[in-house]
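Contents: one structure, followed by commentary.
For clarity, chains are labelled A, B, C and D in written order, and residue numbers in each chain start from 1.
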Amino acid sequence: MATLTPRVELAIGSRFENIDLVQVVVKVSLQQLRLDDDTSHWIGMAVREAVANAIKHGNRQDPDKKVEVTFGIVDGDVLIEVRDEGSGFDPAGLPDPLEPANLLKPGGRGIFFMRKFMDGIDYDFRPEGGTVVRLRKRLETSAPGETQEDGSK
Amino acid sequence: MATLTPRVELAIGSRFENIDLVQVVVKVSLQQLRLDDDTSHWIGMAVREAVANAIKHGNRQDPDKKVEVTFGIVDGDVLIEVRDEGSGFDPAGLPDPLEPANLLKPGGRGIFFMRKFMDGIDYDFRPEGGTVVRLRKRLETSAPGETQEDGSK
Amino acid sequence: MKMAMRQRQGVTILQPKGKITIGAGDVALRDAVHEALDAGAKNILINLRETTTMDSSGIGELVSAYTTVTNRGGKLRLLHLPPKVQDILQITQLVTVFDVYDDEDEAIGSFD
Amino acid sequence: MKMAMRQRQGVTILQPKGKITIGAGDVALRDAVHEALDAGAKNILINLRETTTMDSSGIGELVSAYTTVTNRGGKLRLLHLPPKVQDILQITQLVTVFDVYDDEDEAIGSFD
């Protein structure tokens, strides 16, 4: 993913209460782009999941560790980056929450939601430590509900 | 003013539309502190003025220049810092908007509002360029309306 | 999140109001279900009409509540799904797991 | 910000809805006042009932409007100040400048 022209950057301490703060910034930023409420809702939900993971798994709820969120537009895509100070993980080895054996598991749906709600998600693990997840949404996309239903067969 | 333990940092491009974004972050951050709506309203107004000045006078509305806002709590005070990339000014030499000669001037009330709405405001001009304004509000203060009325004789 | 709890014809009706999300509503939902079970409830109906946002942790708690209640021989059913919660149950394929109702009388009757 | 404009007994009533703040409502207020003046208005009443936020730029525009209208021999008065706008006019001592009304009939009558 090329350079991200940041419109807005936000850094918070790793407390779950701060997820609302991130969501409201995303919401107001997307309002400026005149995105419809639904698209904006699902992007906000994806960002919630990314920030929740950064706080919980990445920074293990250490309030002195930061989660940084960058919000920008690149080539007509909304790009949102969420960075934590954790030690990373292997995104390839995740169980599929739709497998019958996993359907009743209490966890394991966060990254799945990000994939469903966005048009692209990729992970980057910085050599100095810390996970970066990049979420991308094409602005020309029609209703996000359609994308989801297509994707969930 | 001592070290500021940042709870939240926000950086925006210098466009007036982004003032709403800052205000909403301040509002949600203050909600977490369970400040009453009035106190929170006047702090939000002071921050609006600081960010408006940073965008207008500091960064001269160059959207590529950043305004950074840091929000934190130090010794029971809410501290908000607003930084721009401008070349500063002399805060000592400002006309008093309450002087009869200035009463009908269209401008010159922004810094006056910050002083009225907050318990402390000071300016810092960085050698490498850029203005920092620090706004402080004591949390034990009673209704902000009272402070204002006291102040406006 | 605020939780209302009442009884009707032997069914415990829980009505969470607000967000069922990580660190807040998810815990409140779990606590309410356990409280109901400790008080002897077998059948639980969760009215989601006033649930504004549900994230993956909220869904996780709903699934946990379902398995806990079912394992104890009770039933857990859902009432009044807002469209966005419905969407989320759809994409997670949990619609195939939960019995969902749009009418309280009908939902209550279903437990007989 | 949205601006409503109407006439009553030779008075132009402006009713801005939303924020009168830098870069948005302030410009809209100025434009509306100039439009009214260009259309021949002498007396202007600004109903602030639906003004949610007014910053120093908004106050500045209100003062500019006042001096412009007054310099042309007209009158500009205010109607229905929300409490927070009232507070702001108080601390800027602009309450001593503006005639403020709480009742539209009375405000309209005052222009005679």
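Convention: a residue touches a chain if its C-beta (ideal position, glycine included) is under 8 Å from a C-beta of that chain, and two chains touch if they have at least 3 such contacts.
Everything quoted here is computed from the prediction, not taken from an experiment.
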item	value
Partner chains shared by chain A and chain C (touch criterion as defined above)	none
Omitting chain A while every other chain stays put - resulting connected groups: B, D | C
item	value
Cα-centroid distance, chain A relative to chain D, in whole angstrom	45
Centroid distance [mean C-alpha coordinates] between chain D and chain B, Å	26
Averaged-CA centre spacing for the pair chain B and chain A, given as whole angstrom	31
Contacts with 2+ other chains: residues of chain D	none
Overlap residues in chain A, where contacts from two or more other chains coincide	17
Full enumeration of touching chain pairs	A-B, A-C, B-D
Sites on chain D touched by chain B in the complex	21-24, 53, 55-57, 59-61, 63-64, 66-67, 84, 87-88, 90-94, 96-97
Chain A to chain C touching residues, read off their complex	15-17, 19, 41, 45, 48-49, 52, 56, 97-98, 103-107, 109-110, 112-113, 116, 145, 148-149, 151-152
Residues of chain B that touch chain A when the two form their complex	6-13, 17-18, 20-21, 24-25, 28-29, 32
